[in-house]
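Take a look at this one; I'll ask things after.
Order of writing sets the labels: A, B, C and D. Residues in every chain begin at 1.
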Amino acid sequence: MENWDGNEGTSAFHMPEWMIQFADQKQEFNKRPTKIGRRSLSRSISQSSTDSYSSAASYTDSSDDETSPRDKQQKNSKGSSDFCVKNIKQAEFGRREIEIAEQEMPALMALRKRAQGEKPLAGAKIVGCTHITAQTAFPVFAWKGESEDDFWWCIDRCVNVEGWQPNMILDDGGDLTHWIYKKYPNMFKKIKGIVEESVTGVHRLYQLSKAGKLCVPAMNVNDSVTKQKFDNLYCCRESILDGLKRTTDMMFGGKQVVVCGYGEVGKGCCAALKAMGSIVYVTEIDPICALQACMDGFRLVKLNEVIRQVDIVITCTGNKNVVTREHLDRMKNSCIVCNMGHSNTEIDVASLRTPELTWERVRSQVDHVIWPDGKRIVLLAEGRLLNLSCSTVPTFVLSITATTQALALIELYNAPEGRYKQDVYLLPKKMDEYVASLHLPTFDAHLTELTDEQAKYLGLNKNGPFKPNYYRY
Amino acid sequence: MENWDGNEGTSAFHMPEWMIQFADQKQEFNKRPTKIGRRSLSRSISQSSTDSYSSAASYTDSSDDETSPRDKQQKNSKGSSDFCVKNIKQAEFGRREIEIAEQEMPALMALRKRAQGEKPLAGAKIVGCTHITAQTAFPVFAWKGESEDDFWWCIDRCVNVEGWQPNMILDDGGDLTHWIYKKYPNMFKKIKGIVEESVTGVHRLYQLSKAGKLCVPAMNVNDSVTKQKFDNLYCCRESILDGLKRTTDMMFGGKQVVVCGYGEVGKGCCAALKAMGSIVYVTEIDPICALQACMDGFRLVKLNEVIRQVDIVITCTGNKNVVTREHLDRMKNSCIVCNMGHSNTEIDVASLRTPELTWERVRSQVDHVIWPDGKRIVLLAEGRLLNLSCSTVPTFVLSITATTQALALIELYNAPEGRYKQDVYLLPKKMDEYVASLHLPTFDAHLTELTDEQAKYLGLNKNGPFKPNYYRY
Amino acid sequence: MENWDGNEGTSAFHMPEWMIQFADQKQEFNKRPTKIGRRSLSRSISQSSTDSYSSAASYTDSSDDETSPRDKQQKNSKGSSDFCVKNIKQAEFGRREIEIAEQEMPALMALRKRAQGEKPLAGAKIVGCTHITAQTAFPVFAWKGESEDDFWWCIDRCVNVEGWQPNMILDDGGDLTHWIYKKYPNMFKKIKGIVEESVTGVHRLYQLSKAGKLCVPAMNVNDSVTKQKFDNLYCCRESILDGLKRTTDMMFGGKQVVVCGYGEVGKGCCAALKAMGSIVYVTEIDPICALQACMDGFRLVKLNEVIRQVDIVITCTGNKNVVTREHLDRMKNSCIVCNMGHSNTEIDVASLRTPELTWERVRSQVDHVIWPDGKRIVLLAEGRLLNLSCSTVPTFVLSITATTQALALIELYNAPEGRYKQDVYLLPKKMDEYVASLHLPTFDAHLTELTDEQAKYLGLNKNGPFKPNYYRY
Amino acid sequence: MENWDGNEGTSAFHMPEWMIQFADQKQEFNKRPTKIGRRSLSRSISQSSTDSYSSAASYTDSSDDETSPRDKQQKNSKGSSDFCVKNIKQAEFGRREIEIAEQEMPALMALRKRAQGEKPLAGAKIVGCTHITAQTAFPVFAWKGESEDDFWWCIDRCVNVEGWQPNMILDDGGDLTHWIYKKYPNMFKKIKGIVEESVTGVHRLYQLSKAGKLCVPAMNVNDSVTKQKFDNLYCCRESILDGLKRTTDMMFGGKQVVVCGYGEVGKGCCAALKAMGSIVYVTEIDPICALQACMDGFRLVKLNEVIRQVDIVITCTGNKNVVTREHLDRMKNSCIVCNMGHSNTEIDVASLRTPELTWERVRSQVDHVIWPDGKRIVLLAEGRLLNLSCSTVPTFVLSITATTQALALIELYNAPEGRYKQDVYLLPKKMDEYVASLHLPTFDAHLTELTDEQAKYLGLNKNGPFKPNYYRY
């Protein structure tokens, strides 16, 4: 395995691309892109990219080459074989995709530029496991169509290397962390911290911490303000339209829609559909979010009240069995059912796999489930995340995530002894603000600076942080 | 050639499908789908479908079969050879697409049902020329990739048939009408009327009328209220987002956009982008539309004022050279340029085909035009209609058009002698209202009826028409 | 009576103020502001101002002075007594209101400036009858609290003057025109035309025309595009919120509202309430408007379906008995009922004046009607126009109207013999566009001009008109 | 002084009205309504009501009675003299206002009903100091036009009573708390807690706590989710329109507006104005809020960039000197300047009080400040809070506040020993959710309940709380 050195020309990893400038390090990223269902709680940005890659790249699927990547002998342009991908010859294509993407990731570029002198990750040896994107012909351990076994094999190949040991973990879902805990617990002695970006992974870390078993500091970047708003509110506001349109070519105007859940994702979906002329109903369990839905102009109902009349059902709850077989039985003909939430269990799809119902795949990601009386339900992405399966994630959102991860790694790696204990931390607000500020130039947005007098009056440092921790934005 | 008889099982024409129920008739429809540019003023619904088909079907393009359809011997399931398509074997696929589409065209189905007894088109012999859709493996004369010559050959094959002569024309763009004028002027003796649905075609008809050369009544269905609102305002409100997203995966939030033209199309684009968080500027030549833009919250500017700062330029004017080479030279790096208007000349694309600029096709319908200093402009669909090239047209909009055409044909065919002279007519308002009313059940919308007392008070017939002709909706 | 001379310093008429610059002329305007109900179809801009004046000034009503203005001897600052108002001493206050208003009427000022040289109304003797505003202590014949008899007395005093005879009529509602027809038909010999701005007045003129009794050209300025859009769509979008807020201090968020009628007024009301977080239902009789409501995201219902659940009922139909006693009986406690339409008969208020119901005036323009079981309905403005009774009309809207009227007067007065027959005309589109263009500078809006090449391509004159007459905006 | 007993028929205090049912207690509330400026950070709901009362009632100010209430001898209907108001005879009017208000405060009524049996405040002796409303002819110590000295005199009269000592404090601004600290520190021995609702008061409490001087638990109800969202986002979304309309009758469509600050208040203002067709610019110091503004479709600028072109300037920062004299000098003629933020120092109004500028009061709350060259700036409410000075606060928002205060009092009063230390606490999330749930019936909103299985899956109690503390809503 090679150490990245910043000159590596064929890197095809757009997310950790930025790190190249920071240090020489070992980075291993891999993710099994095909079994998204398993990581049910994860709303991962890269997951989405993976999927859009999957479909975009589907025409290459019909390659004759059925040899498992594990059995292939490949070399990158530098002569290294420390990777395992389907076809290293596509590295050039990936390189170009990166270049295009970079144009939309000026924040990351700005950060990289600033970091160029300091090399804040000098000496860092980072092992990572995350979803990979269209661009990834970069030497990693990953390929489309990995089996469960392949997946763990890839992780192990990354971690268990002679003569090299990671000192930072960049995880997305917690699988890598879990593997090291289970197989190589001693490795944690040298590890300075974990950066985790997914809901699931964060959940696991809090459980470890509660149980007193977390042995290094961990940074929960999932809950940083900017990442949350972009992954959920802003991204979903656009991707719900995109996902529905690409799969069904439906018209939104005049359609009756019920959105289950009025968290950030639900808020985004509702706002977009309302703006397009749909009539939107909301279901909620939390009275505060429910009251917000009311004030934002949505009828708050129980699903049963509207299930017979709606044209579209969208789940955004993170909960399970929100749409039951009973609901599905009562929907009207041609009703579209899809999931924008964290979990593929929001819609009880399993209940539809019964002999009396006929499934018809009408196009990619679109199934008609047909009742004995001829009624059809249009099920999208088999109940998996619509925006990951049937839409794409804007590069701008990837940029927010990547910048946040980079800063978290830098913070953990450089923090003075004692600042972080064996616990789970939110990204310091000042860094959250820094991520935001790096993205403002994209919009030609001009921030106002406090005068000394004003800063004093407000009791604030002119450079932030500007808000108390409980501020809700 | 066969007469349609309503039992024709393999009909794959979803637009004239409704006519099957009305009569036995000869219908020939054909359209060359690949040279959209030539019919520059036409905003045709079916054009769009054609195109979306083109791209959807592109994977079948790589068939080895390079024989021209004109040279193929094909038979449909009934044994007829009176058609010319690429591959009649796809008829079954087309049939299924029709069935799916029918579910979204209840208005047409309702109309067909009502007409079933009356057979209002009994005896009608309709020749048509319009864009064909994914579903069209139906015996027609048309195929993807027609040359100019093929196109006119197809038209001629439809018109010039032994033992059959049309008595109605259903045209879209005026080419068919033009051909008959030029080659078979005597045919007009038996023709009861022309139904024309495109801007261009209508324009040609008005010119004929002005010149005193129109020899049959013609119905301008392009300017019916429902068709206008759906083709333009409502459809574009959705398709601008879809077209931009599918081609560029960009995020709309925070983007600066200039929309040239604030007619119905511009209004739809502006509303959608504003709702998605874009900052939208508008250019206009008409002070009334300009004032509307102001009142709707858009800065009214000249293109020069904002050209350096915008992220997206969208033309919706129907005019030519709205975006000039000079404008293109001044745009910033990565600016996206596209056209939603009637004409492919709104953006002066020709001016970009010069040696100093490099064109790079980055994906289907997306070109990077690169300046010597490295600046890239992202040009969509080579300046052709974005929503036809890069989006799809909802079945609901097709339904509006098809219903309108059907009613116009029925009206012209059954009108008592003398009601229509050799002139161009707008669809009678009552029929316009009827088209609308047929579509209300889709939305479970419940119309209120006037009481006798109210009708008297308003001086209206209870069944409409409800508005004076100058009413603007 | 004096002739206005442009130096008249105490003019307190803000609408005809612009005419001062154009000519020397006799102008008499009067309107009985208190009996709005009678002119039921009139959506007059000035009516509103009158009313807002009425309420604003209501505390001065309790003046001791109960002498009828008809019996007072008053002189203006010039020594003239040719007027009849309540208190000429308030002229100074009116003058200042005019100055403030002028700042918001730059279009009128621009028009006046252009006209200064030409004096296009030189020689015109205009008699007018319209609503008067807070600013009117100007020598006219009008006062708050006129009786029916006073009203006709005022009209007569204006028309029947020794040594002076009008040659133009500026009417609003048709009463002045009607009076001259009835009493002084010979006057029409010298009259060059009538400019009429109200729905009612226009209706009367079309009836006269149909009956062949219209003996001079009349200009229907009510239906000009700019006036319609501003009086209805744009103005109501704001005034519905204002009217409801001032009378009830209610919160809009989450409220369920039914809007009866989806014409321009209904569209404005619906858009505003939706934007404020209300849930809006719509009723319609016209299927086209109904379909628009659907596409704009409103449930189209019959009033009965939602009458039990809504918090607010708003009528915008121009029809009668849209809200019946039966509906009122079924409304829930605290339901607010108001009218934004043309007529005070939309809500059957008369049906509420029965012994079993108690009326309680809770504040100005707000009545609680109380059912025997304690249920209260909140009735606003006794069913009269809410925005006229409980809101104000922005000066900008007045400017549109006044500019339109001025242009119509100038056009009729200067039209070459024969251009206008004894018929009712819409304002020429070019003038409509001119009114709009005069108002663009207010918004710092920059119109684009066609190049010669573009004008030729479109077949348009570079200065307009830019649209066919049937264009719907 | 009397003890309230629930039978007190003439209570005219609508906020603490609910407490009557809970207990017998001593309640003294008073607030000097006229010097709002001093409590500069306070966004108090009741302040607003006070003010709207002030202006509504201004015409009664000219009463002859100039005797100070301190010198009057008044008795309420029960014969008690333990109060000091302007005119106890208006008690009946206040009583009716309460009855009307109660109809819009069903949540409070529901809470009162539930509490009726339990009497959770039995034994509580509450002293309060807050803004009083139109309804307050209830025996309190307060009147319109209090001097600074009057204000402290009232407080002292409430606190310093023979034979009665409070055990709970309900404060709004911290003045009452401060007075007791200063004058009667021993009283704290019997006090179980402080409930504080204002920004300023909370700020003072945190300072006390930091300094180790807080000697009882205090509940910060200002930062509860529901209160924040309603006081700021939802309330301002409506009141910015109302405040501007009532003072200026301006039209919003097409106006250019700059909003300084994009916190909850700024977000509400921006959303409303955008919806009404204004073009809105935003200034911000916090990059996260700035990025939100971008994604919501607002140009982020520095004030200097747009100050010359905007029609309206609105401050919502809580900061000082956001609009400086230099900005004011550069504004265009007729620019409207107003403040929606916490402080009356956001606009440097003092800088306008110089000899070269002329002030003209054109109507209540509206000043024209006139530059030597004739330019006028329209300054609203002299830079004080627009929505408190020129708008009203919907009863629904008052209901949220009152319910929150009631619950906080009950919680502190009944909390087991040790649950709360001498510190400042946020309202427990469960109570926050409870406040929200009590308000849902107003909207006929139906909350969904978790199934056991779902609750287990999510690791939540079925009755909440439903979110982690850092959740941002």
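Here is the rule we go by: a residue touches a chain if its C-beta (ideal position, glycine included) is under 8 Å from a C-beta of that chain, and two chains touch if they have at least 3 such contacts.
Source: prediction; values computed, not measured.
Both chain A and chain D are touched by B, C. On a Cα centroid basis, the chain most remote from chain A in this structure is C.
If each chain is reduced to the centroid of its CA atoms, chain C and chain D end up 39 Å from each other. The distance from the centre of chain A to the centre of chain C, each centre being the mean of the chain's C-alpha atoms, comes to 57 Å. Taken residue by residue, chain C touches two or more other chains at 234, 253-254, 256, 276-277, 294-295, 299, 443, 445, whereas all remaining positions touch fewer. The touching residues of chain A, counted against chain D in their complex, run 223, 225-226, 228-229, 234, 283-295, 299-303, 305, 318-322, 426, 432-434, 436-437, 439-440, 443, 445-451, 453-454, 457-458, 464, 466-467, 469-470, 472-473. Of all residues in chain A, only 52, 59, 100, 103-104, 234-235, 237-238, 241-242, 245-246, 249-256, 272, 275-277, 309, 333-334, 362, 376, 391-397, 442-445 touch chain B in the complex they form.
Chain B makes touch with chain D in their complex at residues 253-254, 274, 276-279, 294-299.
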